[in-house]
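Have a look at the structure that comes next, please.
Chain nomenclature is as follows: A, B and C, assigned in order of appearance, with residue numbering initiated at 1 for each chain independently.
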Amino acid sequence: MMKLPRYVLYDILRSKIIIAYTLFLFIVSLSMFQMEEDSSKAMLSLMNIILIVLPLVSLIFTTIHYYNSYEFIELMLSQPLSRKRILLSEFAGVALSLLSSFMIGVGIPVLLYSASETGFALLFTGASLTLVFTSIAFLASVISRDKAKGIGFALLLWFYFTLIYDGLVLLILFSFSDYPLEKFTLLLSALNPVDLGRIFIMLKMDVSALMGYTGALYKDFFGSGAGLLYTIGIMTLWIIIPLWIAVRKFNKKDL
Amino acid sequence: MKFIAIIIILAFSVSSFGNTITVGKDKSITSISKGVALAKNGDTVKVYPGFYREGRITVTKQITLIGINFPVIDGQKKFENLVVSGSNIKIMGFHFIDSKHSSSEDYSAINIIDATNIIIENNKITNAHFGIHIANSTFCTVKGNDIVGQAVSEQSAGNGIHIWKSSHAFITNNHIQGHRDGIYFEFVTDSEIRNNKSENNIRYGLHFMFSHNNYYAYNTFRKNGAGVAVMYTHHVRMEHNIFEQNWGTASYAILLKDITDSWIINNQFISNTIGIFMEGCNRIDVKKNIFSKNGWAMKVQANCVDNVITNNNFKSNTFDISTNGTMVSSSFEYNYWDKYEGYDLNKDGIGDITYHPVSMYSMIIEQNPNALILLRSFMVTLLDKAEKALPTLTPENLVDRKPKMKPFQL
Amino acid sequence: MIRIENINKRFKKLKALDNISASFEKGQVISLIGPNGSGKTTLIKSILGMVKPDSGKIYFNNEHINGGFSYRKDIGYMPQIGRYPDNMKVGQLFSMLKNIRNEPDENLDNELIREFNLCTIFEKPMRTLSGGTRQKVSAAIAFLFNPSVLILDEPTAGLDPLSSEILKEKIIREKGKGKLILITSHILSDLDELTTHVMYIQEGKIQFLKNIETLREDTGEIKLGKAIARIMKGEDPTGNFISEFLK
């Protein structure tokens, strides 16, 4: 069963982009810890990388890989292999390589310099977001027919999840500031994996601020065991659902 | 020389201590009350270990009451354990348990009233309503006591050390937990609170009202429901204290309300929801403090005037300063801000460009607390950067024109 | 062996396959002929499951393929333009396929690898290969697993005459083994010696599916090329020429 993903992985490693990405993450993380004597400040910068760069790279890399391996997919399709298996193998290969890049590039420096609760929250969020955006990118690629469209779509999605969505949330918060929106914002956060990951890290990093105001609500909710399960659950859904739709679309697609 | 000194000390001690009366379950005197009744001024009453259930014990003579190995004085939840009134009384080495509780009266384990020169030392007080209650007294020393309450709600609980309308109190080396307020001062002047640890109290670790010319130093206030409150007071010195993990919706390491001419120096504020909250404060020096990992290091309301915030370290706080208005007339200078991104071309240790400690996002949160959910999002980062480049919303005079490049070292 | 029933496929406005029905049997070599864009490749891809028809059914060995995949182990497919992972070496390509298919070595048909002398380029990455060499690789892959059906899309395009001859001989040998072979080609002369049946498609419709002998008789031409050319020249927009052959 792991034969196909192995070839995908092999192909990705041959392209060397993934190695460059790993090195980039490693050097950036390391230099952040080196530059700031206070590791919490380095963690803050790392968090920004995880929330902004990671989704972007995952999306773009996956999309480009998908279109570059179109030939491979075609070749496999003429073999007695199910489409589902082919696509899932592609996903496994890409996800695995991006994930190991992240774990080596960011994981090692974090474990070396700051193996704290915040550190583990960072790694959990980074790993989840890598998988989520790989999955989303597969959906975007399967839907759009040509490479340019696919990459454009992926960029749009990135823009939406990292920026536009939060803008809309702020707009809603201000438009309905007279209403009790605490629970509602909780729900809103779940609808965006980037926000969910951010809140998860914040609970470790900014626990003091979160205990003030309505923040206590988030702390009570996300800080509890149920909150952790909830976060893992929603992240898993964010990985599975786009991938599942992608497989369905791929099954019906003409190649 | 040594010899002479010993002679003097011996002579002094003999004359002041007088006789010793022993109380114990297997002694001729079995109750403390009786021992106290038999004692004359200057006598010492020694109490051997045991369980003493005598209702309310009253001490008015100038005696020393010493417990050996913590004899227990049980209030049976029906009585105040000990009432002290008069002068030159010393109570030490007892374990007071289960004093009378009430939601309307201030019952306490040790009640000191209309007294002077009292020393309460090395006692344990458990499950009292009020631990030590001092009223209308002068020169009382409370030292090395361990006061543990089991307070559940603010209404039903009493304070650990409660002092009212007194002066020259000296509260030192005590440990207080589980009460409403750890230490409570009202109309108390010229007193000192030093080296105490007040934690896990329902409301404030230390609560000060109308208490002028006091000094508190080297205390630790941890995990209190609302931190420390100092109100309607002038000339307070707060030095070398540690305030940490005071978390909550309305929790402040220090709440300063209508405080004037006071000093906050060399304190550490770590992991509090709000480090210092200032309202109606004038002429306070906030100097050489460390603010680290707080939600908000300081909230300075617009009605504060002429405060000087200088030489502090601000590190890893979610927000450094926040305010509710646009006019701020306190000065910020020579502080170290870890969020400062300026440069120092002439290498004098002072950043060449002004630092704006109030972020745009903190202003947004003042207006809409729910927006806290967007903290550290890309959008908020962009907003803050834009605001830094072109300040429009944040108060333009709340700035540090001389930000330090390096934190000061303790 | 392969039966197609009322297949329709539309790409946006273009009707690629219009109600196509046909049946192919063992031992036949079917030449799929038609102008560019007539739907030949779409038909082949439908049989391979790469294109999903809008309606209609395709049976392989009397089994409805219905989105399944295992039937493809009996099909060798040589695409019109063979595209392969750029970074993969030729040798790796073969070993990967063998690995995935997991067939014992004795079942493999290595004749073309040998005859095209592909072993000499096993260490070359796919991206460095010329179009013709790629075609050789594609052909070798199509025959590798000894499938009972071969689908060859423009097999000789881009091949040098020698290689083209090798491939033709291979096809004839396989035909002799009673395999079903589907070929599309524009080089009609290549098909002369191979074909048993001709299927002519135009604008997504089957114009005819005939035995080559019948076709020769009908047109009076020996050469397939000329026969088809006559049809194409003589055709009316309404396709009257059919009557000429079907009478």
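In the analysis below, a residue touches a chain if its C-beta (ideal position, glycine included) is under 8 Å from a C-beta of that chain, and two chains touch if they have at least 3 such contacts.
Fair warning: this is a prediction, and the values are worked out from it, not measured in the lab.
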#### Entry: Any chain in contact with chain A as well as chain C
none
### Query
Which chain's mean C-alpha position is the greatest distance from chain B's?
C
### Task
Could you tell me which chain's Cα centre is nearest to the average position of every protein Cα atom shown?
A
### Query
In whole angstrom, what separates the CA-based centres of chain A and chain C?
43
### Query
At what distance in angstrom does the C-alpha mean of chain B lie from that of chain A?
47
### Task
Please compute the C-alpha centroid of chain B, do the same for chain C, then give the distance between them in whole Å.
90
### Query
How about chain A: which of its residues touch chain B in the complex?
38, 40-41, 44, 47-48, 51-52, 162-163, 166-167, 169-170, 173-174, 177, 181-182, 185-186, 188-189, 194-195, 198-199, 201-202, 205-216, 218
## Note on the structure
So, in the complex, the side of chain B touching chain A is made of residues 247-249, 251, 271-274, 293-296, 315-319, 338, 364-365, 367-382
### Interfacial residue positions of chain A with respect to chain C in the complex
3-4, 7, 11, 14-15, 68-72, 74-83, 251-255
#### Entry: Touching residues on chain C, where the partner in the complex is chain A
11, 45, 48-52, 67, 69-73, 75, 77, 79, 83-88, 96-97, 99-101
